[in-house]
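After this come two complexes, each holding chain A, first together with chain B and then together with chain C.
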Partner chain A sequence: MTRRRLPEWFVLLLPAIIVIAAVVLIPLLFSLYSSFTPYKLTRPSTLWKWVGTYNYEKILSDAKFWAAFGRTVLFLTIVLNLELLLGLGIALMMNKVTWGQRTLRTILMFPMMFSPILVGFQFKFIFNDNIGLVNNVLQSMGFDAALPWLVDGKLAMFSIMFAEIWMSTSVFAILILAGLFAMPRDPLEAAKVDGCTPWQSFRHITLPFLMPFIYIAMTIRSLDVARAYDIVQIMTGGGPARRTELLWTLMSRTGYVDARMGLANAMGYVSIILSILFTIYFFRKLSAARAELGMAG
Partner chain B sequence: MDRNQSHRNRRRALKALHFTGLFLTMMIICIPGLWIVLNSFRPTVEIMAKPAIWVPSFTLEHYRAMFAGAGEGGVPVFSYFRNSLIVSVTSTLIAILIGMSGGYAFARYRFKGKNGYFVGLMLFRAVPGVALSLPLFIVFAKAGIIDTHLGLILAYVAMNVPFTIWLTDGFFRQIPRELHEAAEIDGCTRWQAFWKVEFPVARSGVASAAIFAFLTSWNEFALASQLTRSVGSKTMPVGLLDFTAEFTINWGGMCALAVLMIVPALILTFIVQKHLIAGLTFGGVKG
Partner chain C sequence: MQKAKAIMGLMACSALVAAPESALAADWGDHSGVTIEAKLIGGQQYEGLYGRIAEWEAATGATVKIISKKSHFEIDKEIKSDMAAGTTNWCVGSNHSSFAPQYEGLYADLNDLVPADVVAEFVQGNIGASTVGGELLMLPRAQFDVSVLYYLKSNYEDADKAAAFKTEYGYDLAVPETWAQMKDQSIFFADPPNFYGTQYAGKDEAIVGRFYEMVVAEGGNYLDENKKPIFNSDAGQRALQWFVDLYDAKAVPAGTTSYVWDDLGQGFASGTVALNLDWPGWAGFFNDPESSKAAGNVGVAVQPMGSVTRTGWSGHHGFSVTNDCANKEAAASLVMFLTSEESQLAESAGGSLPTRSAVWEANVAAAKAGDDPFRAEALEAFAEGAKYAFAVPPIPEWGESTNIVFPELQAAIVGDKSVKEALDDAAEAVDELMRESGYY
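Now for the complex of A and B:
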């Protein structure tokens, strides 16, 4: 009798559901609750005081928060687009290589194995204004001044983006390359016979075929866009004077340094929603691209 | 004749451009990593030298200091390495077992709201580590598992399960249903059919999922930096910060630890790199 109650698929899924519920869902519900309280780590009793949407009103009217939010969206837009373009370029170049392709592909995978914290540290070292590789090279070539790569606001943002792009472009390149390998040759040859220019055959044959692969890469990337936190945290810590402050560094500062957990959790929810929107958007694009190519099912 | 010549020139120029572009790309990818390796073997005086010294000398000073333990201003690297290894391997094994059963459920059974479950699971993976670390810190502190291996392992299992499900689902789907149906007709139970027939076929996919899970745990920082406090549980990414003092950074030592961190990841990835790409694309395109 009781054996019929739980279907097999549910039993198989149960461990996954339990773990995620215990480690992600319950803490998230807790943080949702605490975002409606003035909870401070230093004063545990504040957890039981309900203040309604006070925290949300506070962050929504906070210029610093909006600056960090805008910077995060801008950062993600620039970085994701550049990664896609560069990745596409690299994949097209690699596809034309006639020998040594395996070795090149292996090299291409290097950055994927680096810990984001390692990438941050590595570029903090390279962009160091005093002993960094970049400034040393510039000075050896005769430039007199030491460029303040991580001290000047704009240059620091550039350095962080460079690090982020260095780390994640290979995800795009490798997946798009896999798409190019899987592509049938006949349509391209037919297009050539019919007199298409290389650009036309790229635009109307290659690119549509690559779209699902591009969206897979985007989906995978959108799952961990917040890894940029590690990079920013170690390269500049959100400084100088908050000019590289992203949503995530602002949140961890509010939570851990100022110990204002309630407020930090409210920011956390904004960032979670942002991440989830990104992911849903690319998931839908992925399904649409699949359906178009008849790969669904 | 003239047209032929210009055509040939153009092709030559394109070839040169292609080569230069490829060369530059590879340089940009390789130099930062090589620079770290190189500097882990240079004496600190030379790293800090102004004007820069371009001909490197060789020393094992940083490695010696690192492995000497906490005594001589070194960092307890062995403990960090051990912690990283314990946490990553255990969480990967558990995540694979749980994720594989979940992936199998998605690939082989039809049930209501399947897509909903699937997307829902993936969304949990999208929760930023920093945002999750705030409540997790409090909950783990209440449960008394902060600063322990167990806490970190739990967190990483939950982080890796959704992606593992995604990958293994893609692999199990590629295996024709007839395979396990035939096995069942021949008298296997569903369980036996899975382990003796389907699992061996999907093994490479499971391996690639395992590598991804391992790399994620091995490299994770945002959660580890809050959930660990002492030498007994700090992992290497967190240990990297031990080399930063208030105003100075021990660059050479940091480089040495960085090398130690990247070597296991490199070796693992080389072993399964072929499956890695196949895993990602099949999981996504045919999913």
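Now for the complex of A and C:
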């Protein structure tokens, strides 16, 4: 009688499979299951009560959830695009620097090193309407009013976007700078000989070459931007009157403060759609950009 | 259990007889070899009491192992995680009257572990607020909170201001007795963006607690006896209108909707706010020249009245014993020690308010006999304010309901909705929550 042996490839992969199952798959399946229950942290027995799609129906018919969803899409769109523009500008300027570039690159990364919580507190103070830095500067310049930075709907969104952009623009700058370093010099020199203007060289040579780097940065940041949770939570807590409520503040309040983990997990699964859509969009753009450079395959 | 009660009764008798003596002299029982694991609220103002635990350890032979020490909100999250994971076999936990009802089944009924005459020594209002569904879930420590009115005295010593106020409002300028007077004066004193009449907590449970006490002061209530929301009544609308009117008149800082306790305390200490309803713990801070520009100019008065009664939203800290604790008697002994007369005298010497009747009396008498008129004035206001104290509705859903209600209150304040619309929307959502929770 011969003993059945597991295929070698499977045995070799088994440790990785076990680790991935333990840290990714099982929590994922557990949270998916709990989104079909009324699971409350303070009532563990509720985990075993199946309520079908009740949580999902509740969310899909909840105007507050969709308002937060829409606000999150808006937040992501504006923040990612502004970070891209500013990061691109900074990278192009850095690329021109011939002396002290390493020091500058290190300084550029400082905002990324701050904890988002610290950044939140820093900008909460800067934008405080009564004792904040911005209003004090404005008042010392003769502007006799206290602008409600963290209260007015538009100003509050501006303030949290400002904090997020301040912290993360350097991610774009560093990745785009890496692209600029990898860029061959020949096409640019040929363009110069052919009489192209700097704008034409940038538009038709540099930018197409940088596009794959930009889309990779976009994909990473669109997933990573949820770190803005700390900033939003500390600066406005999603308020006032839900004016800055994003999916992340709504989910964390539902899950941890209200202890309604089942409902919060259902919100999480609906909001994953958002991440998937952004990721698919950027990957398609990335493939197209690579194809344009003849790198597709 | 009966034996345990008898031992506890004996212990309590011994404690009463030995009350003036040091804690070492009291009999906290022999718990040699027992280790009590505790999860306690951390923070500078709470640490002094924990320094006394060594005395209890020496007296009983037991050991206390503090396995977690965090802010109350962090402890709350940790306890909820413990409940979800079933890891609740630690013994003593810090608790709060606003949080206690959430932890269903976690804590033991102390009526079974603490002699009735010990319970009787506490302020009965505090015992009532520590009792949920007939079970005494915690013994109150000397960290009782009810808000009183802090004000800048100089505003009431200026004859020109007094004359101008009387011309405009038709009555004498004096420290406000009612919320209507406080609104008038706040609008009168305000000179934005340099000086504000008042301020209020504008988000989370903080604003809902304030709104709740104003509703009660106006003769209404938050929930009816069936736990159905009724805060959208006329009384509720009058209460919310007070917040809206002050905001519209710019008598409060525009950012007040994002303020919570620290922002309010720092605001009043900056000397740019005339009237401030705030907790007792701030008294020393407000009158300390090191921390406050208002020092020397601070008055303390009992909180104002609505059209029916005074406001009095209150809460207090306490200690609880878990149901899963292996040595409940020893844990109860520790809880009694931490809330004993000696412990409360020591803790309230730092400025916090006690929850034992005898300690209240001793503190007021000591302040009157002392040479700190501000402390005497503040304690008198606190003692008067405590008479009107009432706790939040003792239901697990209180916290969750406040998360539903506060954005609606903010919506009315910043003008996104009318007062009635905001309260009706909030009441509808809380009604759904109560239905889901099976109250009706």
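The rule is short, and it goes like this: the second predicted complex is superposed on the first by the 254 of 297 C-alpha atoms of A that agree within 3 Å, B and C clash if a C-alpha of one lies under 4 Å from a C-alpha of the other, contacts with A are read in each partner's own complex, and residues count from 1 in each chain.
FYI, contacts are C-beta pairs under 8 Å (C-beta built on N, C-alpha and C of every residue); 3 or more make two chains touch, one makes a residue touch a chain.
In this text the structure is predicted, and so the values were computed from the model without any measurement.
Colleague: If you stack the two complexes on chain A, which partner ends up touching A:Leu175: first (chain B), second (chain C), both, or neither?
Modeller: Touch status of A:Leu175: first partner only.
Colleague: Is A:Phe282 touching the first partner chain B, the second partner chain C, both, or neither of them?
Modeller: A:Phe282 contacts neither chain B nor chain C.
Colleague: In the superposed arrangement, which partner chain does A:Phe75 touch: chain B (first), chain C (second), both, or neither?
Modeller: In the superposition, A:Phe75 contacts neither chain B nor chain C.
Colleague: Which chain makes contact with more of the residues of chain A, chain B or else chain C?
Modeller: B
Colleague: What is the contact status of A:Ile272 with respect to chain B (first) and chain C (second): first, second, both, or neither?
Modeller: Touch partner of A:Ile272: chain B, not chain C.
Colleague: Could you look at A:Phe65 and tell me whether it touches chain B, chain C, both or neither (first, second, both, neither)?
Modeller: After superposing on A, A:Phe65 lies clear of both chain B and chain C.
Colleague: Just chain B (first), just chain C (second), both, or neither: which does A:Phe123 touch?
Modeller: first
Colleague: Pick one for A:Thr42: touches chain B only (first), chain C only (second), both, or neither.
Modeller: A:Thr42 sits against chain C, while chain B stays out of touch.
Colleague: Would you sort A:Gly237 into first (chain B), second (chain C), both or neither based on which partner it touches?
Modeller: A:Gly237 contacts chain C only, not chain B.
Colleague: May I ask you to decide whether A:Arg260 touches chain B, chain C, both, or neither, giving the answer as first, second, both or neither?
Modeller: second
Colleague: Do chain B and chain C touch any of the same residues on chain A, and if so, which?
Modeller: 41, 130-131, 139, 256, 261
Colleague: Using the touch definition up top, name the residues of chain A that touch chain B in the complex.
Modeller: Those in contact with chain B are residues 7-10, 12-13, 15-16, 19-20, 22-28, 30-31, 34, 41, 89-90, 93-94, 96-97, 104-118, 121-123, 125-126, 130-131, 133, 136, 139-140, 166, 170, 174-175, 178-179, 182, 212-213, 215-216, 219-220, 222-227, 229-230, 233-234, 248, 251-252, 255-256, 261, 264-265, 268-269, 271-272, 275-276, 278-280, 283, 286, 290, 295.
Colleague: Which residues of chain A touch chain C in their complex?
Modeller: Against chain C, chain A makes touches at 38, 41-44, 128-131, 135, 139, 144-151, 236-243, 245, 253, 256-261.
Colleague: Provide the residue numbers of chain C that touch chain A in the complex, in ascending order.
Modeller: 77, 80-81, 83-84, 86, 102-104, 192-193, 196, 202-204, 253-255, 257-258, 266-267, 270, 272, 396, 399-400, 403, 406-408, 410-411, 413-414, 416-417, 436
Colleague: Touching chain A in the complex: which residues of chain B?
Modeller: 18, 21-22, 25-26, 28-33, 35-36, 39, 47-52, 54, 97-99, 101-102, 104-106, 108-109, 111, 117, 119, 121-136, 138-139, 154-155, 157-158, 161-163, 165, 215, 218-222, 226, 237, 240-241, 251, 254-255, 258, 261-262, 265-266, 269-270, 273, 276-278, 280-281, 283-286
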